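We call the chains A, B, C and D, going by the order they appear; numbering starts again at 1 in every chain.
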Amino acid sequence: MSIAVIILALAIGCYAVAVLEGWAVHGRLSLTRPATSALALLGREQILPRTSDRLFFEAGPVLLLVAGLLSVAVIPLAPGLIITDLAIGALFLNAALAYVLVALIMAGWGPNGAYGMIGGWRFLGQFVAYAMLIVMPITAVAMRAESLSTTQIVLSQAALWNVAYQPIGFVLFVIAAMGVAWLPPIDLPTGGGDLAGGVEAEYTGARLAVLRLARLVIIVALASATFTFYLGGWLGPWLPGWAWTALKTLGVAAAMLMLGPRLPRLREAKYLELSWKLGITLALANIFLVGVIALVVPI
Amino acid sequence: MSLATALFLAFFGTAAIWFGVVVFRTHSMVRSAIALLFSQTAIGAMFLVMQAEFLGVLQIMMMATEMSVMAIFMVMFMMDPGGMGKMDMTHQKRLSLWAGGIGLVAALVVIWTAGWQGPVPDVPGADEQARLLGRELLGRSMFIFESAALMILTAMIAATMVAIAPQEKDSQ
Amino acid sequence: MIPELMIALSVGAALFGVGLYGALSQTNLVMIIMGVELILAAALLNLVAFWRYLHPDVTAAKMFVLIVMAVMAVEMAVGFGIAIARFRSRGSVEMEEARELRG
Amino acid sequence: MIWLSLTILAPLGAGLTTLALRRMPEAIALTGAALGLAGAIALLAGVAGGADVTATLPFLPDLPIRLVANPLTATLALVVATVAAMVLTYAAGYMSHDPERPRFFGTMLMFVAAMQLLVLSGDWITLLAAWEMIGFASYLLIGFWHRRKGVPGAAMRAFLYTRTADLGLYLAAFLLIGIAGTSEISATLSTTGTPALIAGLLLLFAAMGKSAQVPMQDWLMRAMAGPTPVSALLHSATLVAAGAILLIRTAPMLPGGALLAIGIVGGATAVIAGLMALAATDLKRLLAASTASQYGLMLIAVGAGAPVAALLHLIAHAAIKSALFLGAGVFQHDRESTDLDTLAGAGRARPGIFAGFVLAALALAGLPPLAAFYSKDAILAAALDSPSAAWFLPLALAGSVLTGAYMGRALKVLWSGTPEKPRDKVPLMAVGMGVLVILAATLGFAFKPLEAMLGAHLAEPGWIVPAMGLAVGLAGLALGWLLAPARLLGPLLAPARNGFPLAGGMDALVVRPTLALARLCDRLDAWIIRRVVLGGIVAGTQALSRRIERAEDSLLALLNAVGRLNLSLGLASLRFDRDTIDRAIFGLVDRTIALGTRARRLQSGLIHREMALTVAGIALVTGVLLAAPFYF
């Protein structure tokens, strides 16, 4: 039952995010555009590149979709409304998101095309940049909640949301999340300008539809992870839990999408330098501060 | 319950072994890296079946990264990463086969003749396990843990030093 | 006689054999590292199996698993560092061509 | 609780931020110092009522971090925070042209945090940790300009001296912990008897190292190689005070013997370091030596059983000496040197700064109503009352005279001479120094309430002690102003310049006696030879020759026989050699070479071959290990 509800909510969320992205990128807010473009993709001819690594070519998008769905599986939408409440949900989320990298490398390597392969390897460099920044803030969050279970983490923010409790971690996590979902300005694997679509370059038809859908799922997953870890999950006054969940998810997703196109694109070398020289230092400082606060002032 | 566990273990174990064999049979280097990744992932799944949730998920997570890095190194260093011209990249095959076979057989003999006894005790819940592991790491085994961390740091620095390009005196 | 333990250990043995074969038979440094990784994975599997089916109350076993994972990471890091250095100086990491240590 | 943590964590956080961001170090540093100061003030206000604040933070199993804020520790924390804030304000101006300011301010703040931890620590382990941290920070700061000549050496020397002394602290702490069974300081202070005596002496050893007492005073002079703010903060007010603080805090435990030893060491330092200060040719070295001697006076007070007097003098001295150092820094900033000859007349050039310097100097010399007047009187009174006044009082008086003397000398040097126009204004430095001077002037009036808060009442000595203190102070100032050190010290001048090197006596003690002994032995030998050996030899030869003549012919026959026998033996042995031994040896050599070549073939240098051999070896070992149980 709850699984069906969550899948439905996920579908709605993906559609909404697609609408938002269209609005952010093309500046036109049209509610039907995602549906029409999806139909167009499904109807289009499905080209299979020559001497392609067929297995990877087919498996890449599917694995990407699976990774996104798995990461959604540990997000509590409302009290009890969660697919599986693992005791180590936060870690599981990381593990699922790690496979985004594998899927993109496979999808980039599969079609035996230069642009795709460069896009895939670029994402590896991007991953090396954001990996630490997505794990360390979560560590600080788990330190406060004294548990890795996402539900516990949400409940631990009843008194004060983590966005106020550890703002450094919040900023770092959002930046890293934009890296995971290769949103602009960190959209190197599918760098629109220089790579002609990068990983997506060789994909057409239904495969491309799956790829885009998986990307939407991942955006939703990261938005929901952000509000679960930092914005108090379903907690909130007046409205019921699921409503807060919906609002926060769309809010975070909108913020991520609107922020991107207004910034210049970041080279992966620059991104690496920033996140290792500055980001990791700040993340460590964040962990230290959270530990000290947790010891000194019990909130 | 025990039967289901055994079946799952056997399934994932078979998968792990099969992928492990694929690693050395395929010609495409990226494929072999990804095969190794899936073999390790299957092992992580076996951890999960054995109710070691934390370790299982950790294994699955770490291996995804490690093997992707492995893959890019393959592509960088192999003369034929795609495995198009099916060139043979092995030597002393017979010796290796014998060594592997003997190792396998010896291990199997030891395992099957050891005669492990006893009813299987059951384990605490996952959250309890995580708590116990944390207490262990930051309590009794803290020193070992810290030294492992130090080892990693040293290896990072050493690897960077080895890999960094030798540059002229006047270049900095 | 504990069937699950038997299965797990046998899988570990098989992985060990395969990894040994790979580490001995491959000509490329990276492939050799892959073989070593398989051997270490077998060790991990055995550790967890022993922990689960013989001593679930000994948390130190899982600590050992973590240490072995650290060892895997370190081994990869150093191995690849050496690989990069060699590739830069010799242009290949084919171990057939590495005879400098000849006695 | 909050204030306690703020006092320690504000400097720490600011330091880490400075090191991480490397931007705007001054602003961050001053914010951190100000927050720390606010925390310290609030802390003192909180504990003034008498309710101690204690915090026990979980750390290693069974080793919590204990922090305790009682009136004593809170006062010390306030002193540290105040001096730190002022010195950092000053440093913002002093270091303004240095490219590596982030490193400087970061390390300084780290040191402040460690010092607060040391002052507020209620647990021996915490104290040891903080002790190490301040030592390390001092090493880093002394060696801040590590590219200049001689600086690394000075830093290393300071580090080694203090490290050696730390051994005493370790032994003392472990002894106390072992006896009391807990690592809480307040609980270990109930130790009595011989252990207390041993622990007290060990603690004295540690304090001698950190507070630069004789014979370990040398490192402090060399530590002046660091930047002047470092000298002002570490080597006058805080780090050097750690030793005295240690003794003040453990004073309730110390038995009579330890107290006597402490007082003697302190008195000796007060005099010897005072002489060194009088003979110094460098302003900063002069101030450093005077620091050592002032801490000697504090140790006298502790030894006389009046730790509160020592505390008062510590507070007064912290403000005064920091102010003096900061003034010296301004003059150094003008003349690019701290050499007294170069600095001649530097005071005239900056009347304002010089006025502050004079005020602080007079305060140190002990003129009423400035701060050190009261504290020094308290020390003299304590020395007078103590059972061993015969030891302490003369030493304390001598120390006070010397204080006045070297201060007078410094003032004269700075005043007389030709002024040059100063290049630029130094507002920040002036602010930092001015506040400290004001404190140095007025702190004295805060001593009464402070005593009341500490719950201690000092001896009321009537009119004699203040008169004595004033007299010696004025006398010293007059001497220093009127007489040159060469006239004043006479033969003591040279050794005082060299800091009374311990190795000086080595020549007289060891080398000359050795040479004398050697000469004696030589003469003895000659005599024996002349008398015995030669005579014996002469007589013996004559007798021998006579015998030989007689035995000659019989000897010839014997020789022929022996010769023949030898010949045959030689032939036999030759044959044996060639046939047996040679073959054995050469065969062995051949086999060895062959084996070597064979073994060499294994060393192919190919990874896979080597690895195969490794696997074989492992298999062998495993087999042996598995088979062993069946045989043994």
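Brief remarks on what is shown
Quick note on the criterion: a contact is a pair of C-beta atoms (placed from the backbone, for glycine too) under 8 Å apart; a residue touches a chain by one contact, two chains touch by 3 or more.
For reference, the UniProt names are B = NADH-quinone oxidoreductase subunit J; C = NADH-quinone oxidoreductase subunit K.
This one's a predicted model, so the numbers in the text were calculated from it and none came from an experiment.
No other pair of chains has as many C-beta pairs in contact as B-C. Mean C-alpha position of chain A lies 27 Å from that of chain B. Rounded to whole angstrom units, the spacing between the C-alpha centres of chain B and chain D is 52.
We define each chain's centre as the mean of its Cα atoms; on that basis chain B and chain C are separated by 6 Å.
The mean-CA centres of chain A and chain C are about 32 angstrom from one another, to the nearest whole unit. Multi-chain contact residues of chain C (touching two or more other chains) are listed as 20, 24-27, 29, 96.
Along chain B, residues 54, 58, 69, 91-92, 95-96, 99, 103, 129, 140 each make contact with two or more other chains. Contact with two or more other chains is made by no residue of chain A. By the contact rule set out at the top, the touching chain pairs are A-B, A-D, B-C, B-D, C-D.
Those residues of chain B that touch chain C in the shared complex are 2, 5-6, 9-10, 13-14, 16-17, 20-21, 23-24, 29, 32-33, 36, 39-40, 43, 46-47, 50-52, 54-55, 58-59, 62, 66, 69-70, 73-74, 76-79, 89-93, 95-97, 99-101, 103-104, 107-108, 111-112, 115-118, 120-124, 129, 132-133, 135-137, 140-141, 144-145, 148-149, 151-152, 155-156, 158-163, 165. Contacts from chain D toward chain A in the complex involve residues 1-2, 5, 9, 13, 16-17, 20, 57-58. Partner chain B is touched in their complex by these residues of chain D: 60-61, 608-609, 612, 615, 619, 622, 626. Per the touch definition, chain D reaches chain C in the complex via residues 600, 602-608, 611-612, 615. Across the complex, chain B is touched by residues 51, 53, 55-56, 86-88, 91-92, 94-95, 98-99, 101-102, 105-106, 109, 112, 121, 124, 127, 131, 147-149 of chain A.
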